């Protein structure tokens, strides 16, 4: 068991006034047997009346509406979590077995999967996932700015480059080609100044974390903010607003450290 | 009712304006047509000048064809009728299917008039009858006085504007202005569809002066155009 | 079910109710049109009306009514089950992947219970009658079935144009549709007004949206006048205030309904509508995620659902259907492709329908390979020998293919509207009756005795 202190903030600034701004935030860490939140605080500025619901994937959704004109939206969370990956998480959904818009393979990715599967000596889901993760790291170069938040697994695989989100989507795609249920996890990881994305694999009884971008198991240094079939289900902040703005600037900072 | 949306406020106003524009345009062109029968064949150039246009037509027949039936000509009755329908079609719940059907019927009848072999005035009569029926529906079926009044404000603004543009006599303009003022006075306070008081003062000053608007038509037209402009600079869209 | 060819039907002369030109003129005047885009230009077209009504005798209708209520009740039970316990999958009645691969299945709806557990409030069930007068279900439409407004206004106008045809003929008045619809909305309503959400006047079915709003007294709304605050859906009012909406009869597809949950680029949706819905503050009519039950692949399983949920024998038959997904069915389909009709499960509106008999040997072989490669993508059906209906064309009667879209409304009780939209193909060789493909419509008379 590890005790982690976390904080995360984003500052969204517009170059002109916006109004009728609806937003949905998935920034409350998921409560599970393996992840217990002992302290939590959240702040949104400018002040907006918000409500919480829990979505189909178990994420807390904080939704709000800012009708008046404003030029920025900041939100911040902080708290303490106890992470204990020896405690099993068993919240299964059958949809995790099936490809989505983000993970649907093309011919090249299917070929790569077939090739990797033939080479793989493991038959258990977690072993396969670790093996595929290694193969993906051999193929894909970690590089920022090559892909966007809309890039699919097949597109990133074609580019042979991407960030954590792309690594995760490729791994999800490959596991689902084997019929293995798996899901996307978004959150914070130690030594990472932004948000991170990784994968959880269903080993038949419980979820096991794996971080394909770093090609290593997701241990107790990972805090899950949201989870779902792919990045699309997990977006930490989504919003729709009106106004004559042409640009928006988002600054993110996060901190995660072990405390005694 | 009580649940008109902001968007519909504008639609109602422009429904009134465009429908009235069709009617007054037809009536004024019929009078012009009469003049064109036996007197000055170039009379229509004066009409064009009222709108700041020059003669691109060359003949009274082509001019009339374009200003009555020409859908491409934004000053024509046919064009205004289409715009009236465009506004009306999203107002079915407010004005009723019946009223909307009269706008459709007017469009159909205008097309028939175009193909008709009768004299122009006679062939346009069914169109005018239909527009009167439309107004009958508005008076009879729209229970909500506020909704009805927005449409009638649009109607009165349009009538006055065309009278000024076409340089009708002062007495007539004064009468139409009085009608507009009666409609304006019915607008409840604290409603977003308020008129702009500054513009109204300009209108009162000019129209009620001794020479009415003679020589100051442009000022009147500008003030009329801005009469229902949003006061706070945001919110309502213009049509 | 075989419905007897009753004497009532035969003894009644099937004559036009009114002059076709006169009625179509009236329909035009009342704006009975649907919009289409042709070469990028928006055009409004008349939906051609045929004055010879389809007549359904009371006995026949009783059977159809019972069968439709049974079917829609089972479909509603299925939808609840799929988004909750999934017993029908766990018990092996419906294979898991038929549900989860369906594009209509929305995992975002897992665990959400709509008011009164009703998912499909307004169901449009398409039926055809075979030569032997027996009825078959062709398709279920549980998302946003359209078309009820056309027979509704046509009846209003035909009664005005030829009252004699209706006088003493025991034709059930179908103009109660607005009342049925309002009852359905009121029953689902979570407090607040009823509203009909339209994508706007350039939508194909805009006439219907505005006409039904006028008749039911619901507000006709577009997304730019709506917002969600504190998980409550509001309409911005003219005077700067807001009005709570308790039931939203939306005529926009699921994927465009909330840009914060589904398609992020949607310009016609309402941000955070999903949160208001999940919180139980607004009823969405029809519920989200219904596409999983009217999927062409799931259609095959509806008779099994009826047995499973209701313990009853299905009253109305499906058209004989094969799923290439099952080995046995696939073999049959590959062997008999030239006499079957193949439907792509992802397509709608008459698209993606291929008749084997229209394909040459090479095309047949290519198609067989496609089916082998993607068995889950298609269903195959026997071509039903339709009972043709008489249509008036150039002053004479001709026989054309026609179907019937029946409307089933689920409120406090499940009710079948005693009418429906009879669509026919104007092309003598065509089986496709969709308005988007140039078809016309007839009034549907259900007799009271």
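Just so it is clear, A, B and C label the chains in written order, and each chain counts residues from 1 on its own.
We take it that contacts are C-beta pairs under 8 Å (C-beta built on N, C-alpha and C of every residue); 3 or more make two chains touch, one makes a residue touch a chain.
None of the values given here were measured: they were computed from a predicted structure.
A.B. asks: Which chain has its C-alpha centroid farthest away from the centroid of chain B?
C.D. replies: A
A.B. asks: Going by CA means, which chain is nearest the middle of everything shown?
C.D. replies: C
A.B. asks: How far is the middle of chain A from the middle of chain B, if each middle is the mean of its Cα atoms, in Å?
C.D. replies: Computed value for the inter-centroid distance: 59 Å.
A.B. asks: Measuring from the mean C-alpha position of chain B to the mean C-alpha position of chain C, what distance in angstrom results?
C.D. replies: 43
A.B. asks: I'd like to verify one number: the distance from the centre of chain A to the centre of chain C, where each centre is the average of its C-alpha atoms, in whole angstrom.
C.D. replies: 39
A.B. asks: Two or more other chains in contact with one residue: find those residues in chain B.
C.D. replies: Where chain B is concerned, no single residue meets two or more other chains.
A.B. asks: For chain C, write out the residues touching at least two other chains, lowest number first.
C.D. replies: none
A.B. asks: Could you pull out which chain C residues touch chain B in their complex?
C.D. replies: Its residues touching chain B are 28-31, 193, 201, 206, 210-211, 213-214, 219-222, 224-225, 235-240, 243.
A.B. asks: In the complex of these two chains, what residues of chain A are touching chain C?
C.D. replies: 20, 22-24, 49, 51, 53, 55-57, 61, 63, 65, 67, 93-95, 97-98, 229, 233, 238-240
A.B. asks: Across the complex, what residues on chain B touch chain C?
C.D. replies: Its residues touching chain C are 2-9, 86, 89-90, 92-93, 96-97, 100-101, 104-105, 108, 190-193.
A.B. asks: Provide the residue numbers of chain C that touch chain A in the complex, in ascending order.
C.D. replies: Residues 86, 89, 96-97, 100-101, 105, 107-112, 227-231, 259-261, 264, 271-272, 275, 278-279 of chain C touch chain A in their complex.
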